[in-house]
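Okay, structure first, notes after.
All chains are identified by letter, namely A, B, C, D, E, F, G and H, in their written order; residue positions are counted from 1 within each chain.
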């Protein structure tokens, strides 16, 4: 129920067509969202300019296609994370202008250009094997209107590689650090910058890496301050949070 | 804001003292609960006849005393779980009619008699050491208006002890099974009755019992159907759920 | 040994054909179940009107078919959970009137109508990916004679979706909350209703969800009272417990 | 190698005693640290206006006093987290103007006023028992120059309490959500705002909360996007990260 | 109900004082154990000559004293494991002839001599710190009528110490191997003998020993066959099992 | 050092070229292994009459075939556990009289009849799905010369099924209890018999069964005494230990 | 900043266009990486004579081929660990002289002979199934210029096998002990030698071996001193460390 | 069998009463331990010049005093790790020249000077709180005859601190890296040197550091090669291994 309904109701009260007591009962019985609370997030993406996002894992290709088609009725821009080729095949049939990035495993359909912000989000990886997660973050961050600087394969075992990129690292507004194994890169980067650092542990490694738990624990216990962690392999979530932060620097 | 305020506002609209548009703005800006949504649970305990409950662990004795005194303004009946002697000392100063059960670690202050339901909640323990958790459940269940049948020390290592109580076990409406170590009692009881069984793992045991995780996992993996689990040592929660179930059998 | 045998034995004693001392020895040596204790649960499903249920996982299709055929000799109604297509193929050969629900992964063979109860069991999911587990619960609950209200995809990240269904949630007798990832839905629903809530953690998620352990721990540690937990993905068990509870509200 | 050596080398080049090419070779072979690279972050806190911070846990009171006295030679503002009364006693002897906040367990010594930023950091807790961790965050955030809005005891089991504070929650620049038990508050708040959310799991709870692991896992698996996690009970780290983010909104 | 009751009932039937049909009803309604099934284990210890055992941990000294006094009415021999000094003080007041072994933490009250079996149970420890658990096992095994050979401090880091005792190790009927840290002794002993080996992991160690989990996992994964494991620090259980095994070698 | 060296030394002593005292010193300083101590267990299986056993998992079919062929030179009887069909195919080429049991996953080649012992080993399972592990135990126990009584599908959820087999359970010399899920059967059986019980947790179950860890923990924490545990799914190890125990009852 | 810039600056100093003091200031303010500090380890392998190594797991065959081709421009010797056949196929196209060891899963391309060191690295395994990991270590150690002595299948369950190789074990400079299951071999070997022991837990085993965690914990808790552990299945890392140690014995 | 028996046997051979061949057979059949094989390591410490070491944790002060006194009969140098003040008090009574280092928690009694080796062992810590573990390592390494360079508080959050000590780090023969929290220092140091690195995770930290497991996992998963790990807080073990390595560089 929108403001109009509420206004009409008040008018009816003002005009004596509805008694005050009746209006109270109506107000109390109204479905929750009809009192205007639907603005909680229903139009969130329209306001923020963000594309609507679908987390594809766990859904069937058919479900994803139906959801995306439905979203496309009100959203020019849609992205889907953790999407398989099969997911994309199903989506392409209903949204022919969707595109697929196999490394990032993302479906991207941007029909209205997203205005770019000033600040840059740097996506930094420890190794080559962390790149798919980093690309999920980078592609997401771009779709959300951010400039992205990819700084890959600068893990701490050869720390000169990291220092060689220090100016780019320090010129970013927000940093996403993607690392598996022992995840030490987050602590080192966190110690080198005064900007917010979002750390993404990856499941890269073997043995006692426990599917990413090792890197996750490392990052949670980072001796550097100013580091926030997201779930293992959650490049999308890191980019979403980084974008929310970067917006602040842009005065949005 | 209560119904009265809302009624007055409507009257002002009806009388032309407030314009409909102004009323809409007022309605939208009202603090959430003022729109009558306080009924979500603010008066819940009054309606249900349940005492208001305070989880004391993690709160200082002073905080508990303040909270209970505040609650006592609108609730005749109050209980506090996981309360220490020190907590009780602080509470007794503000609520002199409160009582303390050291084994159950509960503060109980029942000023208005709680009507007893028909059905019985049986609280069953595997061993003697499980009794404190069982008493937390039993005292809570009684305070919530249930008849309680205590059946203690009937663990499966001497299964004849359990069978000797079979008629009492089978005549209960709901069963709370409290067991530590391997928690097998929940499965055996679950297989013997057709009534809802609430299983409470306890931290009783040592070594690989992992502080109750062993019994918890046992109960979650029970081969008997119809068993719901609560947190380790959570006698209060088990009694609360059992009471909610028992109310249904009483047609409340 | 049935009652008849026991009666005959007593008659022989009464008629002097068997000495009292001999009867005592016979009674003590009788196989356990022959003393009438077989009624512990052998005929349970006949009494309760419940279908007999088979947990298919871990059994071969051939074993499942043999078991179901055997059960069908005394039970009109049979259900099988965690059944694969292959399991169903084997069952269909021996029970041609069995049906298969691939999403719920259940074999259902209801030949005698199960009388419906008054109260409703609401099955609530956080996301789309939780639906298969929810369907296992819903299909089971229906087969056990309950009315089921499916309320899907109302996770807490968009809490207005949940509130939009608040009346349906509040009108249920029992609630089954199915959620993966962080499982927060159980706590929020538990705080909104005064009815028993059965929470089913699902293995939906990735990374630190640890195959459902994350949601399981969340639910066990729920700050809302009145929530009982079952094993990860155990839709069947949740429905069984919910049905046992719902029966109480129906005065069975 | 100190500045003197470098100056001498340059003089030798200027005087022709060393060829430019030789100087280049010498410079490249110099031990790393001798080139004055301590500027990497040695003066960081002076530049940022942040107080210097000491993590007191694991250090002896004597060590803390020595470190703080040393820091006080160049820093007007110093804070110490995880400080005991004993730590403070030792510090007060060397820094008489230091103060102690026992609930937050922090030593604060602010001699130069820290300029306040525009935006507010909201510190939100699920329960009363989470307040000490929240105060660690709030006191830290204030010491770092942020306005703080404390919104305590709004856990999801009584979700109307949260909604009653919705306007304050939504008007914050950054949110720190502090919750133990199942930590569901982070997901619900994350779904209600479009601002960066920093979630702090606390060790509050018992049994299967595993010392805060349960809340930690919940938050990592949050179905809401835009949430970054810090270590269990790490109020300080959350405030540090939130302050770094808030600075961006202030155009620093 | 004992055999006498049953005999009387049969006699009443024989004499026509009770009708056969009435006797059937009586028999079916009798409390379980009254049908003679109490022999399941009620008189077990009398038959086996074993002392009755009480696990004291988790019970209050008062509860232990009451239980032991009750047991003493029918049992000459009683032992209590995991007993504190305080437990013993309470017991001594009711059973003045009880004795206490502080290292083994056991209360022992043997009034009737237990006949010794032929075969020996060897209790072997890896280190000095494992001795308290070993003594719990040794004292228990002796109380249960076994000869015990203590072979302590023969851990694998100095394997010659073990080989120096090889003849004693090989001449035992059953072996109890008590080891903390990595628990490797169980595998080495298991490879050297053809007798049943019971392995007791102890919580001795630190860091990644995880309170004994490390030794427990080692023993469970032993590359030697013929090794059965009991809970961490469970010297009593090991001795009980070893005694059951040793009885077989004695033809009991 | 081989036998030749030792013989030469003795000859030198015999011929007076080396004094007896010198020979003693030489003997004491000889490297350990040179004294032929391979007799420690090289001929163990010949002495015990046990077949030689090969653990096939982790070995290639070719390795298994080579090992078994080598063993066959001195052993008439050979068994291989955890063998795949492919393993058997490779073995059959070199040992045509080998046989394969696909359910137990065992290769068995018994050419010399193994004398049967008096006592019986009962193999008891909780469910149908536990049977493969139980068969690994049963086939192994038979190959090791024991009579085996298979008592399957008597889990505690329908405890009358267990009691119906009580006489067979009680007449066994040793019991192997095979159970997954919550593993409660081990405790119940352990409480019913005075014989050694070997418990085998299985990986049967789902969700929080953690691949058998749940049943393992249950069994380790069993409230029944006299239960020894082996690794998850380790039917072979249980049978080996049970056979070692059963030999004692047979006076071997 | 490249060498050219530095040279120009020095020339300016030499020519008096820049004062020495100014140059010092410029040098101190230069961005870190511009001073050519890539020499930290860029030429490490050239100096050490070690082949350059690539960890192939997690990289695509194409990435591996590109990296190896690039490395081959400056390195005669290259090895790749955790390489699949597909990886090798891709590498062979760009480096035709590369070879593949399928058991060790390593790509080896040694064009310049590596000088052999005096001391030997012994690679010792507990079982046959540990050999692939051992071969990864052995092949790596050889490629790094070490003599390797393979001592396989000497696990502690038949400890005479180990003692039979004692002289070879004791004559090694460094020992790599590779063991799965309970990993006891590391402790036994550690107790027998006074040389550095590197222990490699393997994922060999099943059930409660937890993918190698059991052996890892055993080794970490070893009662023998002088044992350093590497990650599960990390044969490469063990060899690398052992080679670094062995170099010291060779006076490199 | 003692030396006397052996001497008699040799005499019989010398006197022709026993044939050489018979003596060989007798020698081969002799019980293992009787041949005096205690020489395996009984004199190890005398040979190596190492002090004898006692791990005090888990032993009573009395046991420690007895053991040390016994050792002192043959060893001039003795050290005890994990010793409490109470342990030392007991030891001092029997060994008045023993000394105690409370920070390292070590008892040191060096009566014969240990010759110093050439190479240095660097002990590096991440933070101040890691120093007690580092001191256990440093004091042990010195007692074992090594020069030690203490480089403390150079954690990666302020990486310039580490680089400022790079020359000392690189000039060490062996490095012991002691770090808690996320343990990233081990990876960074491992990437900077070509010398063996022994990493010691410490239990320093809180929350998700899990008592040192976080740092342990980090180190095990280090992206730097050449790093061996010891148990959490095991400074002694690290020093022992480092000393064994350093000996090789000294040509011992």
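In the analysis below, contacts are C-beta pairs under 8 Å (C-beta built on N, C-alpha and C of every residue); 3 or more make two chains touch, one makes a residue touch a chain.
On a predicted model such as this, the values are computed, not experimentally measured, just so you know.
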Query raised in the report: Among the other chains, which touch chain E and chain G together?
Result: F, H
Query raised in the report: Which neighbours does chain A have in common with chain E?
Result: B, C, G, H
Report task. Look at the interfaces A-H and B-E and say which one is made up of more C-beta pairs in contact. Result -> A-H
Report task. Using residue numbers, check each pair in A-H, D-H or F-G against E-G and return the one sharing over half of the contact pairs. Result -> A-H
Query raised in the report: Rounded to the nearest whole Å, what is the centre-to-centre distance of chain E and chain F, using the mean of the C-alpha atoms as each centre?
Result: 25
Query - Gap in Å, rounded to a whole number, between the CA centres of chain H and chain B - result: 55
Query raised in the report: Distance from the CA centroid of chain C to that of chain F, rounded to the nearest Å?
Result: 39
Query - Multi-chain contact sites of chain E, meaning residues that touch two or more partners - result: 37, 40-41, 127, 158-159, 191-192, 207-209, 213, 216, 220-221, 225, 231-232
Query raised in the report: Between which chains is there touch?
Result: A-B, A-C, A-D, A-G, A-H, B-C, B-D, B-E, B-F, C-D, C-E, C-F, D-G, D-H, E-F, E-G, E-H, F-G, F-H, G-H
Requested in this report: Please give the residue numbers of chain B that touch chain C in the complex, ascending.
Outcome: 40-41, 44, 48, 53, 119, 173, 191-192, 194-198, 216, 220-221, 225-232, 236-237, 240-241, 244-246, 248-249, 251
Requested in this report: Using the touch rule from the top, collect the residues of chain B that touch chain D in their complex.
Outcome: 31-33, 37-38, 40-42, 57-59, 63, 67, 82, 201, 203, 211-213, 216, 231-234
Requested in this report: Give every residue of chain A touching chain H within the complex, in rising order.
Outcome: 126-127, 155-159, 181-184, 187-188, 190-192, 205, 207-210, 213-215, 217-225
Query raised in the report: Which bits of chain C are touching chain E when the two form their complex?
Result: 3, 6-7, 10-11, 13-14, 16, 19-21, 23-24, 27-28, 32, 35-36
**Report entry** Residue numbers on chain F that touch chain C, as the complex places them
**Finding:** 127-129, 158-160, 163-164, 166-167, 180, 204, 206-209
